[in-house]
Amino acid sequence: MELHDRREEKCKLRVENLSVFYGAVQAIKSLSLRVYPNEILGITGPSSGGKTSLLHTINRLNDRIPTYRHEGRVLLDGDDIYHPDVDVNQLRRRIGIVFDLPTPLPKTIFENVVFGLRVAGVRNRTVLQERTEQALRDAILWDEVKDRLNQPALRLSGGQQQRLSIARALAAQPEIVMLDEPCSGLDPISTLKIEQALWDLKERYTIVLVSQNVQQTSRATDRAAFLLMGELVECGPTAEMFTNPRDSRTADFLEGRFG
Amino acid sequence: MIPDQPSRRPRLNPEKVHVAAVVALWTTAGVTLAVLAAIIVFILVHGLPMLTPEFLLAQPESMGRAGGIFPTIVGTLALTAVALAIATPLGVGTAIYLNEYSRGGRAAAAIRFGVDCLAGVPSIIFGLFGFIFFVIYLKMGWSVLSGGLTLAVMVLPTIMRTAEEALRAVPASYRQVSFATGATTWQTVTRVVLPVALPGTVTGIVLSIGRCVGETAAVIFTAGTALRLPLSIFSPTRTMAVHFYILAREGLSMPHAYGTAAVLVITILLVNTIANAIMLRFRAGVT
Amino acid sequence: MRLREFVIEKLLFIAALSSLAVLALIAVFVFIEGTPIMLREGLGSFLLGAKWAPTKGSFGILPMIMGSIWVTVGALLIAGPVGVACAVFLVEIAPRQVADVVRPAIQLLAGIPSVVYGFIGIVVLVPFIRETFGGPGLSILSAAIILGVMVLPTVISIAQNALEAVPVEYKQGALALGCTHWQTILLVILPTARTGLITALVLGMGRAVGETMAVIMVVGNAVKLPINPLDPARTLTSNIALEMAYAAGAHREALFATGVVLFVFIMILNALANMRLRRRGSHR
């Protein structure tokens, strides 16, 4: 009991009985999930299993979709993120997200990285520069771009653009970083760079890594959750789940029996 | 082989029909372009000899039979400036509201309907309205202000529609990234969406300049026909187009009419070239 | 921050309402000024009266209604086929480089001021008509030709949108069945784009009915019921523009009443066109 309570206290993000609907379509069915500080939680499963819907609910990006609605709660440090007093922009700064396709804004590399800081009202040049360097180093991109920070970000390669997206999310100094299939369009070398960056980052951040790729989930995460058709099938330490899945559907997926 | 059906008329060979049709279509398009070219060349050939610095910068004499057209150029610029100063914020604001804020719904549908209707209202109706509302009811008299406001109402739909088109062309992923990074809607609009949509929006504004410069029916009853230099926005004035209309219709001076027409046509050519250049650079930048 | 966002959203909403507000103002002011005389004279005798002598108290605008109809129909007889042909050319036939020249040219055609069209009408077209067909030259025919050219850009651009909206599969299907390109255009593409093409004509009609300055300069402006395209006539628009400068009292009201008729007619056309556009939109 005591042990359970301490875990409770340490829980960074808690999803409670979450159901998500887009119009008549239910994307997530009564899902409960915990994310602990300084871990990498992998979320895996076949496509349209509700992985992206979950991230967009936690980051409140779904607010802009008129047909969207949800039941259940999402708690960040114990506070409901959908409480009316919550400033949604502040919240999105605390929970960063990186999308599946590299999405540089049509600005310079520097302006891309500091975008989150600028909209948060940071004007101090030194702070902006320091954070840019730190974020680009964290995303293992600094050495490649340090001499051309004022060039358009659109000129970077796909792998660089995706690391830039990560740097942009990091520069705003979020507490949680969520990555939605960050390597889906990338070559193996870029993928490894990103995975390496994530391992280094978990000292300072809490990370949620959504990936359809079973190998990536096994390589790069501490705990893993398996989502199938909007349902959480199982969740546990990655090594345990991969060697000894409790549910036969998990086993099927890990062995590649879903499309 | 199936024998050909007997028919009274000899059957046309589809290939030949196709060739004939293509030739006809090329001809139609060619004639249309030729008409355009003929109009422009005709005006320029007759009008260019008139275009001296004196013609552009001198005061008119004896009702425009002699002298220059300077006051009408100033009047045209003043009216256009007033019109754009009013119509740009309203038009672009409407586009931003519809595309970035409203999520469909009845208000947005009603506003779109209003813009569509306004776009179809003929300029003479704008003239009537401007006369009764600005000139008479609001007691602004025949003035730069009345004329400019009337033109503003007239070009509002053009500016709004081009701005909305430009906003729509901005990839949704930019907005998503911006929101996800904690930007508010307004920050997203000003820092991400508008910079990308700017060329398209500016194109609409530039094309509106063309409409303001060429418009006659809407300004003749609102800005007046006074052939004096307008000294304030409350002075009456005569635009180039109105001046040209009066010269041509009352047969005051054909050379002066051609000269004024040449200035109008050159302005329109410039405006269209600029608009197209902006659009081309925009497209080159996107892809 | 949240307050600022709230205020900005409300300001933008107010800006967005401006179009509706202006439309309402136009309707209200033109109607307030124009309807009393219609009611005094009786709607029937106003719309169907053939005698227009505003200074002597006769307010019948039938000649102008007929003038507008003649001129508009004439303009559409030119702009309809030519406009659709140009749109087909641009969408289906023209190589990219040619289309890239033709499109801005047509945009330019739309940009040329109507007074310039009218002027070209006076100095070139009217003498030509007079010498070729007889009559005064200032005529319905002249106005119809000038207007036909003027509304071309409207017809072309909307017809073009309609043709571009035809799914590529339809075209591929027809070509795969062995149709020539022209047969495909005639039997598949044009029928599929039918609603959009009609919309193009309806909006072109709106432009033609509403055009003023070019028409004034070439149509002759005689108040009589036209019976021949070579006759001069007066349209609703030219009636307003010609007499507004000196009209007062009941005369001015009668001109605003002419404006009301024009406004109502245009709004009906717009409503028709928009309904068609919307319906087509919902299919996609």
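The chains carry the letters A, B and C, assigned in the order they are written, with residues numbered from 1 in each.
As a working rule, a residue touches a chain if its C-beta (ideal position, glycine included) is under 8 Å from a C-beta of that chain, and two chains touch if they have at least 3 such contacts.
No experiment lies behind these values; they were computed from the predicted model shown.
With chains reduced to the mean position of their C-alpha atoms, the one farthest from subunit C is A. Here the chain at the heart of the shown protein, by mean C-alpha position, is B. Counting C-beta pairs in contact, the chain pair with the highest total is B-C.
Rounded to a whole number, the gap between the C-alpha centres of subunit A and subunit C is 56 angstrom.
Centre-to-centre spacing of subunit B and subunit C amounts to 16 Å, using the average Cα coordinate of each chain.
Remark: subunit A and subunit B have CA centroids separated by 48 Å (rounded to whole angstrom). Annotation for subunit A: residues 89 touch two or more other chains. For subunit C, the set of residues touching two or more other chains reads 1. Counting partner chains per residue, subunit B has residues 184 touching two or more of them. On the side of subunit B, the complex with subunit C involves touching residues 14-15, 17-18, 21-22, 24-26, 28-29, 31-33, 35-36, 39-40, 42-43, 89-90, 93-94, 96-98, 101-102, 107, 110-111, 113-118, 120-129, 131-133, 137, 153, 156-157, 160, 184-186, 207, 210-211, 213-217, 220-221, 241, 244-245, 248-249, 257, 261, 264-265, 268-269, 271-272, 275-276.
Looking at the complex, you find that subunit A touches subunit B at residues 59, 61, 64, 66, 89-90, 92-93, 96-97, 99, 101, 103, 105-106, 115-116, 118-120, 165, 168-169, 172.
For subunit B in complex with subunit A, the touching residues are 103-104, 173-174, 176-184, 187, 191-192, 195-196. Of all the residues in subunit C, the ones that touch subunit B in their complex are 1, 4-5, 8-9, 11-13, 15-20, 22-23, 25-26, 29-30, 33, 82, 85-86, 88-90, 93-94, 102, 104-109, 111-120, 122, 124, 149, 152, 179-183, 185-186, 203, 206-207, 209-213, 216-217, 237, 240-241, 244-245, 255-256, 259, 262-263, 266-267, 269-271, 273-274.
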